[in-house]
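Okay, got some structures for you below.
First subunit A sits with subunit B, and in the next complex the same chain sits with subunit C.
And now, the complex of A and B:
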């Protein structure tokens, strides 16, 4: 992505601008209160936005790769007519944290690889992403700092850093640039200095508060390769409920199942895809009854290896952004990749 | 067009091969040839029921028709076997990596098929037999549970009669009319004398068969890179996205289903 000029906007002006867009009917999705938790939802006013957490239960992948998504509908008469549903609608995803922006960037890569997944890409095309930097850790489970995920790689239209009265804005696309062209002003050397200071303080805070990753980040594929047969997998796995929550809440889990539905008249139906999870028992089960990844330890290993070995090696980037959602969601506290990797590392060294 | 949109095809003929397996002749409505390689598969749609990956059982040809041999075991496969000539279905593919004939040309070939494994293997067997002079010796070992489950009985007779094919068959449990071998597929190996240095061995069958047949081949001195297998896994998309078919870091729907054993032996989840 070509680097575009950064700028500064006053918070008031940006939020007013967004509120005006909302007033005009624009769909703006942001982290907001839902029951007693936070989740991404359509907001009526920017006052609803939870800028500093708590973290949303579900990552923003739900707006690009919905939990349930109709791929096509069809009519079955003498002829069969299939109508593919490749649709996107313009939305603004606002207040997304760097870990989730990176998660989205990784999904962009896998869905655009080889066989283009137009259902995802069409939705992605219409989405404007306005991210927000985290200056305090959003939860005790997160470890984004250890996964080089406190800043977004790319994949945003605008990226905001709170500087008090103003936002420092990194501009990632023409779409982002034109959105704020009327209110943006040039950055000054003192803005840049202030930003550096904010980030230094943030780094120190995150380094102090977040759990440490004992192996070096770049050594994770090797750690996992060499500990493929570690007893850690079955020790953790034996306590897994096969609930699949860790897959559902992960911003980089993208496996799916596909099902057909037929109306009662047996003439019209659709084919729909759903989130699926590699921790679920049936994930590899075929009609003959064979389960190809039998054993909860083996399934837990597969999930971890995908994040920090298989996809890490392929894309040269960890597929765990350290958002901490799985560790929080797991009732028996066995799935957190950082915990597993530290344990593998400790036992390996001995 | 998207990667998930099936092309509409017509069933021209259905032949019941056994109690549970049927052979379907299928033609794309576009009139185009499928253009497949032996060992590749298609995703077959029965609209309103779902999709299933099925190997292409016929040898590649320029014709607009191709054949699938389907075992009625679940929703989609039972619906397929219950179709009538003229019914329409959906086809995506061909997908995956099949058998590349260049690895087999000029070599002796040992085919080992267990049960429904003959369905995909048949596309390679007929590719070889259709230009027989391009290959060395051909051995076919085939096993089924009981005589009633043997597929393609006419073709088996042809292979048995041919001078240029050495064919042996076995069943786990025979009946009063059964005159051939009884026992698991590895009990056929004493009947043949193949030269491991010149022979490409191709195995397709149920998951547990691989371990035993590979051990047998290795006992005979067959090097890993002369062993070929085709693997089954759960598949939903066929195009490397849904994650179901993964074996460690590889996707069976993209990198397989046909694999050289040299590559597979380093994947602990494979066999």
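And now, the complex of A and C:
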């Protein structure tokens, strides 16, 4: 993405602008309170937005890669008629945290690799992402600072940093630029200085509050490669439900299952995809009934290796953004990649 | 194509699964167009005996049931267990964990000698079952999809993963994580219900049965951490899954 000029807007003007868009019928989705946690909801007013956390239960990937998505409909008569469903609608995703923007950027790469996933890409085309910088940790589980994910790489249209009365705005696309063209003003050297200070304070705070990652980030693939047979996997695995919660809530887990459903008349049917996850026992079950990744530890290892070894090496970036959702969701507290990696590291060094 | 003949049969149960079929609305007409229903007590007094597919609900709980279900099996090409009672023994099996003479007396009073009731069993304890449509009562959408699969000669898709998947897909706050946590059987129970109970704040009680490889020790550990006693945990099991491990 080509870097565009940053700017400054007053908070009031930006929020009024969004509220006007909502009034005109624009679908704006933002994190809002849900019981003692949060979730993405279509908001009626920007006052509903929960800017600082807690983290939403599931990441914004659900708006690009829905839990259940019909890919095609078909009709089987004398001839077979197929209607592929590639649909998108214009929505604004607002208040997205950097971990989730980075997660989305990684999904963008994956779904555009080799066979273009037109279902994802069509939705992506219509989505406007307005991110918001986190200045306090959203939860005790998050460790984004350790995964170099406190700032977004790319993949946003606008990225806001709270500077008191104003937002400092990084502009990531023409779509973002045109959205705020009427209210944006040029940045001054003092804005830039203020931003640097805010980020320095934030870095110190996150460094103090978030759990440490003992190995170096760039050494994770090596750590995992050399600990493929570590007893840690089965020790953690023995308390794994294989419930797949870690997969479902992960901003970078993108596996899906495809099922065909016929109607009772056996003439019409649809092909639908559903979120799937490598922690689920039948993820590797084949038609003849064999499961070729047996063992809870082996499945847990596979997920961790995907995040910080296989995909890390392939795309040169960790596929764990440190959002902390899996660690929160896991009832037996066995899945958190940072915990696992620290444990591997401690035992490995001995 | 000739319409396959279908019968619905009930053993010990509330017949709520048959009522679920009757409440399919427009889709019920689709069902009538796709199959020829020859036996369906909740809907018709006609009792045809020439069916190819038998949908069977209820648990086996008298010795007469055993004879009757064997006759159904002998006539039908395909037997489908419908709902938790047929699939798991259901709530009827709670009696199996009580003194049988007490249970009979409590139910039938001084007429108890008239009833030859036996321990409640799922139907696959007596006959070979080809397919299972789980839940208490069955889910309409799953029934329609499973029936279409059976008509196509395919195995219906019934998930083997836990309810947590459905719950996360709904973006629910986990019951264990609410300000006042609620103990839930979701982590060891088969999904497919759309997490219907947790979504309204009620614990999953396991009506779709345990998944094939439930991590029960981990689940019991979590419940104990939440202050539940062994008795509380047993109550969870006995609600729908008291017969696990006893079956076949």
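Operating definition for what follows: the second predicted complex is superposed on the first by the 348 of 350 C-alpha atoms of A that agree within 3 Å, B and C clash if a C-alpha of one lies under 4 Å from a C-alpha of the other, contacts with A are read in each partner's own complex, and residues count from 1 in each chain.
Everything below uses one rule, namely that a residue touches a chain if its C-beta (ideal position, glycine included) is under 8 Å from a C-beta of that chain, and two chains touch if they have at least 3 such contacts.
Just so it is clear, the structure is predicted and the values come from calculations on it, not from any experiment.
Participant: Which partner does A:118 contact after superposing on A: first (subunit B), second (subunit C), both, neither?
Facilitator: First partner only, subunit B.
Participant: Applying the touch criterion given at the start, work out whether A:302 contacts subunit B, subunit C, both or neither, answering first, second, both or neither.
Facilitator: Only subunit B is touched by A:302; subunit C is not.
Participant: Quick one: is A:228 in contact with subunit B, with subunit C, with both, or with neither? Answer first, second, both or neither.
Facilitator: So A:228 only meets subunit B here.
Participant: Contacts for A:265 in the overlay, against subunit B (first) and subunit C (second): which applies, first, second, both or neither?
Facilitator: The second partner, subunit C, only.
Participant: Check whether subunit B or subunit C contacts more residues of subunit A in the superposed model.
Facilitator: With both complexes superposed on chain A, more residues of subunit A are touched by B.
Participant: Once the structures are superposed on A, label A:242 by its partner contacts, choosing first (subunit B), second (subunit C), both or neither.
Facilitator: second
Participant: Go through the superposed model and pick first if A:35 touches only subunit B, second if only subunit C, both, or neither.
Facilitator: After superposition on chain A, A:35 lies in contact with subunit C alone.
Participant: Considering only the contact definition stated at the top, list the common interface residues of subunit A for subunit B and subunit C.
Facilitator: 259, 261-262, 266, 285
Participant: Given the complex with subunit B, which residues does subunit A contribute to the contact?
Facilitator: Against subunit B, the touching part of subunit A is residues 71-72, 74, 76, 79-80, 82, 84, 86, 110-111, 113-119, 228, 254-262, 266, 269, 271, 273, 276, 278, 283-288, 290, 292-293, 298, 302, 305-306, 309-310, 313-314.
Participant: Can you check the complex and tell me which residues of subunit A touch subunit C?
Facilitator: 34-37, 39-40, 56-58, 62, 67-68, 238-245, 248-249, 259, 261-266, 275, 277, 280-282, 285, 296, 328-329, 331-332
Participant: For subunit C, which residues count as touching subunit A in their complex?
Facilitator: Residues 27, 30-31, 33-34, 144-145, 147-149, 151-152, 157, 160-162, 164-165, 168-169, 171-174, 176-179, 186-188, 211-215, 218-219, 221-222 of subunit C touch subunit A in their complex.
Participant: Residue numbers of subunit B touching subunit A in their complex, please.
Facilitator: Going through subunit B, the ones touching subunit A are 1-6, 8, 45, 47-51, 73-74, 77, 88, 90, 206-207, 232-234, 236-237, 239-244, 246-249, 254, 268-269.
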